[in-house]
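Working notes, beginning with the structure itself.
Going by the order they are written in, the chains are A, B, C and D; count residues from 1 in each one.
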Amino acid sequence: MSTYGTLFRVTTFGESHCASVGAIIDGCPPGLQLSAADIQVQMDRRRPGQSDLTTPRNEKDAVLLQSGLEHGVTLGTPIALMVRNEDQRPHDYSETDLYPRPSHADYTYLEKYGVKASSGGGRSSARETVGRVAAGAIAERYLKFAYGVEIVAFVSSVGKVHLPVTVPAPSVDEDDNDDAPAPMSEEFRALLASVSRAEVDKSATRCPHPETAERMKKRIIRAKDAADSIGGTVTCVIRNLPSGLGEPVFDKFEAKLAHAMLSIPATKGFEIGSGFRGAEVPGSKHNDAFVRRADGSLGTETNWSGGVQGGITNAEDVYFRVSFKPPATISQAQATAQYDGTPGSLAARGRHDPCVVPRAVPIVEAMASIVVMDLLLIQKAREGAAALLPPITTLPATMVMPPKVKVNGSS
Amino acid sequence: MSTYGTLFRVTTFGESHCASVGAIIDGCPPGLQLSAADIQVQMDRRRPGQSDLTTPRNEKDAVLLQSGLEHGVTLGTPIALMVRNEDQRPHDYSETDLYPRPSHADYTYLEKYGVKASSGGGRSSARETVGRVAAGAIAERYLKFAYGVEIVAFVSSVGKVHLPVTVPAPSVDEDDNDDAPAPMSEEFRALLASVSRAEVDKSATRCPHPETAERMKKRIIRAKDAADSIGGTVTCVIRNLPSGLGEPVFDKFEAKLAHAMLSIPATKGFEIGSGFRGAEVPGSKHNDAFVRRADGSLGTETNWSGGVQGGITNAEDVYFRVSFKPPATISQAQATAQYDGTPGSLAARGRHDPCVVPRAVPIVEAMASIVVMDLLLIQKAREGAAALLPPITTLPATMVMPPKVKVNGSS
Amino acid sequence: MSTYGTLFRVTTFGESHCASVGAIIDGCPPGLQLSAADIQVQMDRRRPGQSDLTTPRNEKDAVLLQSGLEHGVTLGTPIALMVRNEDQRPHDYSETDLYPRPSHADYTYLEKYGVKASSGGGRSSARETVGRVAAGAIAERYLKFAYGVEIVAFVSSVGKVHLPVTVPAPSVDEDDNDDAPAPMSEEFRALLASVSRAEVDKSATRCPHPETAERMKKRIIRAKDAADSIGGTVTCVIRNLPSGLGEPVFDKFEAKLAHAMLSIPATKGFEIGSGFRGAEVPGSKHNDAFVRRADGSLGTETNWSGGVQGGITNAEDVYFRVSFKPPATISQAQATAQYDGTPGSLAARGRHDPCVVPRAVPIVEAMASIVVMDLLLIQKAREGAAALLPPITTLPATMVMPPKVKVNGSS
Amino acid sequence: MSTYGTLFRVTTFGESHCASVGAIIDGCPPGLQLSAADIQVQMDRRRPGQSDLTTPRNEKDAVLLQSGLEHGVTLGTPIALMVRNEDQRPHDYSETDLYPRPSHADYTYLEKYGVKASSGGGRSSARETVGRVAAGAIAERYLKFAYGVEIVAFVSSVGKVHLPVTVPAPSVDEDDNDDAPAPMSEEFRALLASVSRAEVDKSATRCPHPETAERMKKRIIRAKDAADSIGGTVTCVIRNLPSGLGEPVFDKFEAKLAHAMLSIPATKGFEIGSGFRGAEVPGSKHNDAFVRRADGSLGTETNWSGGVQGGITNAEDVYFRVSFKPPATISQAQATAQYDGTPGSLAARGRHDPCVVPRAVPIVEAMASIVVMDLLLIQKAREGAAALLPPITTLPATMVMPPKVKVNGSS
């Protein structure tokens, strides 16, 4: 339904052409300094009309905070916020109403509910994501304060134009030798370790690799000029996460992330760490050997696991990739059928993105933030409760954590 | 945590070396004919020791039903079931206890809980999936009776050996031409439409394509002989699903599926329909045009969507693919560190699968069944409630479904 | 937290002095005819400033619908609504800020969150119930259409002034004879069977018994004149409920009702059917004997059960009573302590109700509607799912329902 | 359904005459020392056949732990436990199968599910509470270690025989003077402050007041001898609770308690603190004035609130009372109707408790423990998360807690 989360709960409302869209965020920790401006930053990265690569629909998307704060500090009570739908133009779609748009949600909404919004899209509209982005901005602000968590997403492919340093795609059916390249390049690891939103935003494509960004831009313009659309992928890294997040067995960290990502409109796939490439290699090459870090804690030498082992974070960087299909609404004519089955041809009107991935970047970041925030709160409950118990003295040493040994022998 | 679902709720318990593993299934419709034998079929497909491709750990895994049935009929009350851990051998692991196994959950469990099971694995053990498979067998039995739903999973790759007819992998960075092959072959669509569990089980690899199965088998044996392991993928098709399943916006059908699949141990990726390949093609080639079916309902000509649009099923086949990493526990020596950071070498002992995908097949089917069952119940609530309302007469015709027109004019 | 319900989910936001209060209602069946005016009726019964028995704080409480409807019909998507806080006067409370109000939530909010709203009350303010009443109005509109369900609450006591026909209070410690009066009078049963909101609203006290209403009014005025407050009880009846609602074992109908009622500010008790009086009588007098109704279904001769047996509705009237303490905020001086423990005297300022029960009537109705709606949807899921199974032929006759026999032999 | 709780989740299974009954407890903090014997203590207080006041059905109810522990320490993973149904005698009920027992759940289960257990009762059987009591024993063990929490329930009335010191019953319709006795006696407060399980268990009635216990015993024996049954009430106190528990607005502490208590079979009412009596008094007499405690914290002089204000605990004792109806199953003949409506007479066979309250005592304690545990974990999440934020420096002093001042000036 329209609520996500257990302790950090986000409930969104609104469709493409109603009075407003927004969300209630329940469970935000009290005492967080927060202003509308903190949220607006990500809203502006999501909003339509940012560049000639996105839909010309123009929405200022100004966040209006309704509750849950005083003097710029959260009270721990629900934060309601809304954004007015100003540029609605409900008539744009009217002539094509006899046709369910191919690969869009018009038909399935009608099958599910028996009625549908006149605009068709209803809740499947990208406008629904306004509430998610706002909620995510609140979550990531908390995470930044509490742990210095950094969440950065970027466009890793548009059509067949791929950021060269990312995880190579799986083979189709190669000779089954083991001497294949490792699943992840050093350049990619370096990119994950350093990429910032500022770098990502240098190009309207949100690809942080300038030459690739240029090629992606051309690919999007070509789709736009052809009254067509094009898909792409978004990669996201989460840095400075504490270990211990993720709830075995059904709410593993990667399971919650996959759920959150596949709930974003137009997504078709998710992979974490080595992902589909990881299915091709032997364990001896895939396993992340442990090493002692300078502070005495354990880290891993490689990170094919993508920061999770057994569904629980291990304090290495989490990184994952999300696949977005090409937008279904295109203005070139398509042979298809009307709701009643009559064959015909549909050329969609209205304003549409030729490619969603540049605007999907802050949405992926938002959903990642929300997942982390919720799992963090659940782990804090466990840690806080366990800390009140007397020390365990009756267990074999191998069932509890040994003391940390710092590298230079210092305590 | 250890409960999955809203109305069809599965709660599992048990770890590798405790008294028993099992589950409580709450919300099963009353009046379903069900016996332990109906469940045992899938349990036997999951259990270890089936062939020389799997771990020699031998568990009969006989299901013991505790409650919720009388005279072979479900009462609508919780069905508890358990399977004893007979072949425990807790000492197998004892000598290597100083080392967290690389890419296994030993370390993260300890970080999360402060204690861990002596066997290490704890709830991350594949034995935890016993409860899931039993629950899934109940769900799929209901779905078969109610809609003739068929859920069939199969191994689509082991290492780099791929079933030739599956969706081609995405390109790495090709020239950005649009003339690429369609994302799905006719052979693959035919396979999805017809593949049965009997065909899948003809090979111990659970790949329904005999020549490929043979190559996969060799690949697994090679890993085993090298004291190594190898990854793979499982593809699953769900046929005869009704339309309308999946709850916008956070509980889209594919989001719930992705969550369920990524909660299975060792998974690293999920894609539905065209998946990652779909991110490479233009909308004009990816959109599934509507066509009128013989019964007057709308179907789609192609099915790159994988049976879902806007997060809701459209009555076409749902198909998806899941990536499994190579098992982390391997018996060859690995350079790694102990819990306290001391560098050293670990050669895991114990009995392990060199490749999990053959045994993962019934687990994927089970999780798919559980997801479908839960979403079906939620949609039944909506349909049942909406059916009690007076007919809607005040809406524009385009907001409601027109009557179906059968193909030969026969009303 | 701030969300109630499983399939019919109400999430409220807002405190006493923020921009707006409101709610998101998720899961409303699609196709329900609904206007803001339908909701406003109950909002007007809840709003302050209705009579000289309530707080002079004046809020028009006009409902602003944001989403989920088109052309006056629900789409099945989240319905967001808000009411602006127009008459805020945040300075009213300022001088007394050093004191936590005795028996109010000022202190506990601070203990829980570490911060509190400047107005003190925060989410414990009666303004939070605006969203509940709106959500309840939507639920009861559905229930009226679907089953003709009628939900009517009324004031059954103010201080020691009791509606004479209600369930007698339990004894303190009488002789343990069994010849006590039956726990419920005929007059009370007749009142439950017929009482309407129109009758209830004839008096500003919302007591449908004119003489008692007059005495209650005097009691409230006396409290008001003494700068004091007074408690009371609200009784509620739900008529025309279908049987089968309520989910064993933790979500019994009465458990959900009790939860919902005790979540209303200022409540201290809940009883259903014979309630506390029922604890005093023997089973032979308390049991509700079954009788055949005219339509062949089973009814009960008496209804001490209050319409529920084993946590499931039996199609008899549900009735229950809720206890409300006297409002904590009173303007007479009270000896108490400041937040830092300094003893002193507090005379609260601001505008307060001397007695909450007249305005609590629509809130009780709203929460009852929400509970019924949610449990109804869950039961519809079960019924819809069970209806798809083949008939059960293998059970003993006593485990299934025999066919109904109408009273006059007419099939 | 059959799961209770958000972070401390209890899922029970089993009915009267199946193989076993039990529960899965998920979310128990790791590192808790726990043995089956710790659980058995409360199981033994719940089990049938303890005295001549309870059903002669004899069940040893030995707890069998299945998972979640090693070496007597919890691992943080699900704890599954079961108790075999040894003394099943399913034929006891066979002759009366044509009749739904009046005020029992036979009829409503059949209406709800379309089928019912052959024994009738199904999940409404008191045997279902086995899992609750076991789960509660685990929760209270944690709470004892962590905060020294003490939860003691006792029988406060049987029929009209009341423990003299408890809260007086509300008046029926007295003169509306304000000079009524205070709602709670000093003796009662003293009893709440000191009562122990040892004192409670001195009498088979579980009433800690010897003379009253004797009168209660006679009342129960009289019901038994008359082939009848009798109701009663249980009062429970929770001592040493921390402040801050309970989640505004829908999950207030008392709302969760009410929910939990009304989910116990045979309950008809719940009141906390002054309860129904509190509805009769003016605010000036009901308000709990604040006082500074020796440690500098705030306490209240009286405690009519019952330890909760605004739905949140204030560190005073929580106390509440639960009403239990007389058991529906009685062996004297009752005029009633068969399932098909045929009038007749039913004299139930089988073994039944003439009064449930003595055995309900550990069940009330268990449900209270579970509620506290779950709300404590949620509050620990908030506290742990808030503690990671930088100090708030921008709020007015009245919005944050002032430093504590200890009574003798010692910082």
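Criterion: a residue touches a chain if its C-beta (ideal position, glycine included) is under 8 Å from a C-beta of that chain, and two chains touch if they have at least 3 such contacts.
Protein names from UniProt, one per chain: A, B, C, D = Chorismate synthase.
Computed from a predicted structure; not experimentally measured.
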Given the two chain pairs B-C and A-C, which is bridged by the higher number of C-beta pairs in contact?
A-C
Which integer distance in Å separates the CA centroid of subunit B (Chorismate synthase) from that of subunit C (Chorismate synthase)?
44
How many angstrom lie between the centres of subunit C (Chorismate synthase) and subunit D (Chorismate synthase), each centre taken as the mean Cα position?
23
Measure off the straight-line distance from the CA centroid of subunit A (Chorismate synthase) to the CA centroid of subunit C (Chorismate synthase), and report it in whole Å.
41
Among subunit C (Chorismate synthase) residues, those touching two or more other chains are 1-3, 7, 12, 27, 30-31, 70-71, 73, 76-77, 112-118, 122-123, 248, 382, 386, 392, 395-396, 399
Draw the chains as points, connect those that touch, then say whether the picture is a line, ring, star, complete or other.
complete
For subunit D (Chorismate synthase), which residues are in contact with subunit B (Chorismate synthase) within the complex?
1-3, 7, 9, 11-15, 18-22, 24, 26-27, 30-31, 64-71, 73-80, 82, 112-118, 122-123
The answer for subunit A (Chorismate synthase) against subunit D (Chorismate synthase) in the complex is residues 6-7, 27, 29-33, 70-73, 76-77, 142, 145-147, 248, 376-378, 380-386, 388-390, 392, 394-396, 399
